[in-house]
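My questions will all concern the structure given below.
Letters A, B, C and D name the chains as they come in the text, with residue numbers starting at 1 for each one.
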Amino acid sequence: MRRFLCIVMVLMFVLCGLLSVDAMAQETVKIGFITPLTGFAAADGYSSLESAKLAVDYVNEHGGINGKKLELISYDDGCQPDQASALTRKLIENDKVAVVISGSYSSPSRAAAVICQQAKVPFTSTYAVHPSIVEAGEYCHRIGMAAPIQGRVGGYFAARELGAKRIALLIMNNDFGVSLAEAFKETALKLGAEIVYEKKYPLGETEFRSYLNAIKAADPDLLYAPGYYNEAANIVSQAREVGLRCWLMGDEGYDSPKFIELAKTAANGVFITTDLNRDSDRPMTRYFLEKYKERTNIDADMVGASGFDAVMLVSHILNKVGTKADDIIRYWDTIENFEDCATGPIITFQERSAIRPMDIQIVLNNQFRYFYRYYEPEIIYLNPPSGGK
Amino acid sequence: MLLNVQDVEIAYNRIKVLWGVTLCVGEGEIVSLLGANGAGKSTLLKGIMGIAPLHRGSISFLEKDVSKKRPWEKAKMGVAYIPEGGRVFPDLTVEENLMLIASLHKEAFDVKENLDLVYSLFPVLKERLQQKAGTLSGGERQMLAIGRALMSKPKLLLIDEVSMGLMPKLVSEVFNTLSLLKEYGISILLTEQNVPEALAISDRGYVLENGRITISGNSEELLGNEMVKTSFLGL
Amino acid sequence: MLQVLLDAIVLGCSYALMAVGLNMVYGLLRIIHVAHAALYTLGAYVGLYCLLNLSQSLWISLFVGALFSAIVGVLMYRIIYSPALTAPRYVPLIAGAGVFIASQELFRLLAGPYPYSFDAHFQFLSIMTPNLRVTETQMLMITFMVVAFLCLFILINKTNLGLMWRACTQDMELAASSGININLIIAINFMIGSALAGSAGILMALYRNSVFPTMGAMVSYKAFVVIVLGGFGSIPGAAIAGIILAIAESFLGMVPIFNLPREAIAFLVMILVLMFKPKGLFGR
Amino acid sequence: MTFGYILSIATFASIYAILILGLNILTGYTKQVSLGHAAFFAIGAYTQALLITKAGLTFWSALPLTILLSMIIGVVMGLPSLRVSDDFLVLTTIGLNFIVMGITEYFDFFGGAMGIIGITMPTIGGKSIGTTGYFLITLSFLLLTICICYLFSKTWGRLAMEATGEDEDAAQSLGINTSIYKMYAFALSSTFTGLAGVLWAHSIGSVFPRNFSFEMSVLFLSMLVFGGLGTIRGAVFGAFVLYILPEFFRFIENYRMLVYGGMLAMIVILQPNGILGRGGLLDRCILRLVKKKAETQEIS
């Protein structure tokens, strides 16, 4: 019996191998997508994949790519860089995709970017913020907001608009939290604020009371806590619990309905920097928010919006210049005022990162509401153009 | 017959330890199992108790087939097993060690009666009731081990190397006690390296060599057997 | 300071609840039960399901979640561990890890990758003064832990079942041949340990207001540290060590030179302790 | 063609095979179960990354240094094994994993949470080698490792290690200095693991603390036990199969890891010695085939 079971299992492996040989595909324009569907980042992977599919459906309903259907080929990288790099090769060589989109975290995105740069295939990351992703080379772009911009926006809002003088930082210790905090700190210090507390916490942390008690003792005007919504919900509700009475400020990682669901009423009054304006009446934003909810039964989040935008932008480029890599890249850098996206319009690409107006949103009555918008070039541009364009 | 072991084979990790062993123990009998170290005596007792799984063969107890029964089921039927080296539950007190067994069999008999029997056989245990069993001396532990087994009022007692590690004076004391048990209607199957003492109290004996029974017979016959004389009695 | 201490004790309760089940299994079978954390998550999910679909009462969902975990815990033993008991020690370890991976995936597939909010309403004591504050949930956790441990203590030291259980932890073979149904004892052992893990899952879900597929991972690492500090197989040791660990983490985390994440601090403490006491703080 | 894809899968599988061969010396021979081997892996990868990005060395000049350093750090990290054993050691290695991850994540010298970027591909004669070249390098390192392990398995050192693993007291009474052999095992193991780390870092091009998490350690031990503890063929086989297995299950994308976890548990229970270990399923099949062939030869 034992032996039989084992033999069956071994046979299954072999069969699986045979079955995974791809079926012949019809004439389509393919774009590749890697995203973590398993492991700790599965929730973000799911959001971005579903949104990307939504965008593909939209594109195909509106004529596809020059008459051909747009096809999304997605693989699960489990948020592992070695899988991401192997899968990117698979996308490029086996599936012959025109563009690779990464809906994954920084470490796998960077690995994929390097491969794409080598193979000279256009690559874009959706929400990964690590600066090195676009530094991989001219074939790599970023749809999400670059961390220096977002941190700077946060800094301006905290120090200039809210007038916070004493600022506490509680930083999620990964590339996302750290690079946001650095930019925030630089801006805030420049604007005359003082950092009264700074602490890093690891991804997956749930207990913040001991830090928050120390922060309370430091008596800040504002607590900036860059991180993802799961940790953020704990920070915010525990901050209210220990009686921390100051402004709370977060980032686009908070931008998920789950944040409000988990933090409950404690979320009210929290500011976040984001580029998805839920109060916007731009048709694309409304389309995305409604269809996403229809499709998944969950309200959309920022990660999803980035995935949606990436596919929209890529299909726009493919429509314009075809599938030749060099044409795509040349056109990509000249894009201006791209409106067909769920987040604010993409003004341009600078250093291969998308530049768009930045929103400050506030949680009111258990909803994200529009609060303030930054247009100033010296704030929202990666390198502010001299002379003010 | 109380216990009938028929053609039993036992293997550890595909290495056979016992090869077609057949033996029996009658009611009220003391039977000794003789043999050198590694002959498979302990394994046979474990097989009878159900701790070591049988590879082949059958065991019947009180005319019922118990080959597939688990150890605790056999214990309920009246088999008690005393492993070698005076094994007791070291972190339980002497009283807990005794009462644990009593509590398992309480519907079957009178606890107090058994306790009295144990105290009368081993008065020293009564003095140490609240002591942890692990702190007892070797001889006391062996007494506790036998006492524990008696608490279940067994019909058959399987004893593995009762004399091992005991002082010579204690050894004869223990054997005397065992021969007394016969009067309470308890049959005994014991393994022993101390052959003369064992044969002195037992009715019959078997000699186990390399996993097979080579000689069997009455104690007197065995004492007279040339082979037994040379290998075990050193004559 | 007192506030930090109190918060740490509440956190320690969750460690202790997890570690006790783990340690009960270790004491009996000498296996490191990695899949224990799966039961923690299971408890939370079942409790949540109960809360959303069956009843608004926290108590009922606590009961159902613990019960479910207990049943699955026993099944886990029968299917995974029981056949692996005679195999080398690392086999149950890896089998448990496999089950843990599979369970995380199963929760994700069944319930989706997103965290859920665990929104239960209940009435309980709370202390609210300007200097000291114990919320209802915190109070509930402390009470639950104290009650659970008292029950466990009485069960183990004052009842026949406890006597049999203690006998089994000391010498399984002897216990079996003395007439103790060891399969039953092991099953009960898994049942109690798993129920505690399941209820810990629900309580933490309530405390953190979130339920998600990978929530068990972090707690299970901590539980390992706790059982080492408390001594393998020792139940009061696990309870005390759980609380000590949480306190050590919270206070060391506030010291600037210990700029390390919680887990690293916990394991650092563990290794240091092992260097001086290779059998754990309360180990025999 | 999917040449590059297969090549990169094969490269990673070979890297893991080197690592598992290293783990095999520690866990297979001296029976010191390590559930923190990702820490040793991280040390190799990080040392190489630092030497390349901060000291400006090349792949070839940094490699010997990294290997030496991995060995030394491995011995230092193995020191607790002299005090603690069995399950305590397992948990100690888990602890080492978390501590090493914490240090790389929280100290800016190691790149902190931002990781270390820009670990370039090695060059030969001034020319950068491509994927194929890198695969060949990895493969030759794998073959080298197999050779060393094979030669080592024929020495008295391995016997001494196995004796230490079976029964430490008995080994000591035979005159084996078990402490030395335990350290020896840690040194050899961390050397190979460090080498695997180096190769991994170069093929990814960047290292992040979270790449070396506890889950990886579990995967490593699973690979070894799956293939067959204590055998070279088992270690290599386990690494290849368990790395490639999830790739085969791509067509059930969403259920992939569920199937993987369940299968891992079942196979380990059914085949505790590993599929290709002594007495394992495939081992027996092969033995039978060999025997049959020998028989037919005898007849003819």
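Just so it is clear, a contact is a pair of C-beta atoms (placed from the backbone, for glycine too) under 8 Å apart; a residue touches a chain by one contact, two chains touch by 3 or more.
Everything numeric here is computed off the predicted structure, so don't read it as measured data.
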{"item": "From subunit C, the most remote chain by mean C-alpha position", "value": "B"}
{"item": "Distance between the centres, which are taken as Cα means, of subunit C and subunit B, whole angstrom", "value": "42"}
{"item": "CA centroid of subunit A to CA centroid of subunit C, Å", "value": "35"}
{"item": "Length of the line joining the C-alpha centres of subunit B and subunit D, rounded to whole Å", "value": "50"}
{"item": "Approximate Å spacing (C-alpha centroids) for the pair subunit C, subunit D", "value": "32"}
{"item": "Sites on subunit A at which at least two other chains make contact", "value": "37-39, 173, 200, 202"}
{"item": "Junction residues of subunit D - those touching two or more other chains", "value": "102, 105-106, 254, 257, 263, 266"}
{"item": "Touch relationships between chains, expressed as pairs", "value": "A-C, A-D, B-C, C-D"}
{"item": "Subunit B partner contacts - residues on subunit C that touch it in the complex", "value": "160, 163-164, 166-167, 170-171, 173-183"}
{"item": "Complex contacts: residues of subunit A adjacent to subunit C", "value": "37-40, 42-43, 45-46, 173, 200-202, 204-207, 209-211, 213-214, 230, 233-234, 237, 241-243, 258, 261-264, 298"}
{"item": "Subunit D-touching residues of subunit C, taken from the complex the two chains share", "value": "26, 30, 32, 80, 83-84, 87-91, 93-106, 109, 221, 224-225, 228, 232, 259-261, 263-268, 270-271, 274-275, 278-280"}
{"item": "Residues of subunit C that touch subunit A when the two form their complex", "value": "3-4, 7-8, 11, 105, 108, 112-117, 119, 133, 135, 208-210, 212-214, 217-218, 250-251, 253-254, 259, 261-263"}
{"item": "Subunit D-touching residues of subunit A, taken from the complex the two chains share", "value": "2-3, 5-7, 9-10, 13, 16-17, 19-20, 37-39, 75-76, 78, 80-82, 85-87, 89-90, 92-94, 106-107, 110-111, 114, 119, 130, 132, 135, 173-175, 177-179, 200, 202-203"}
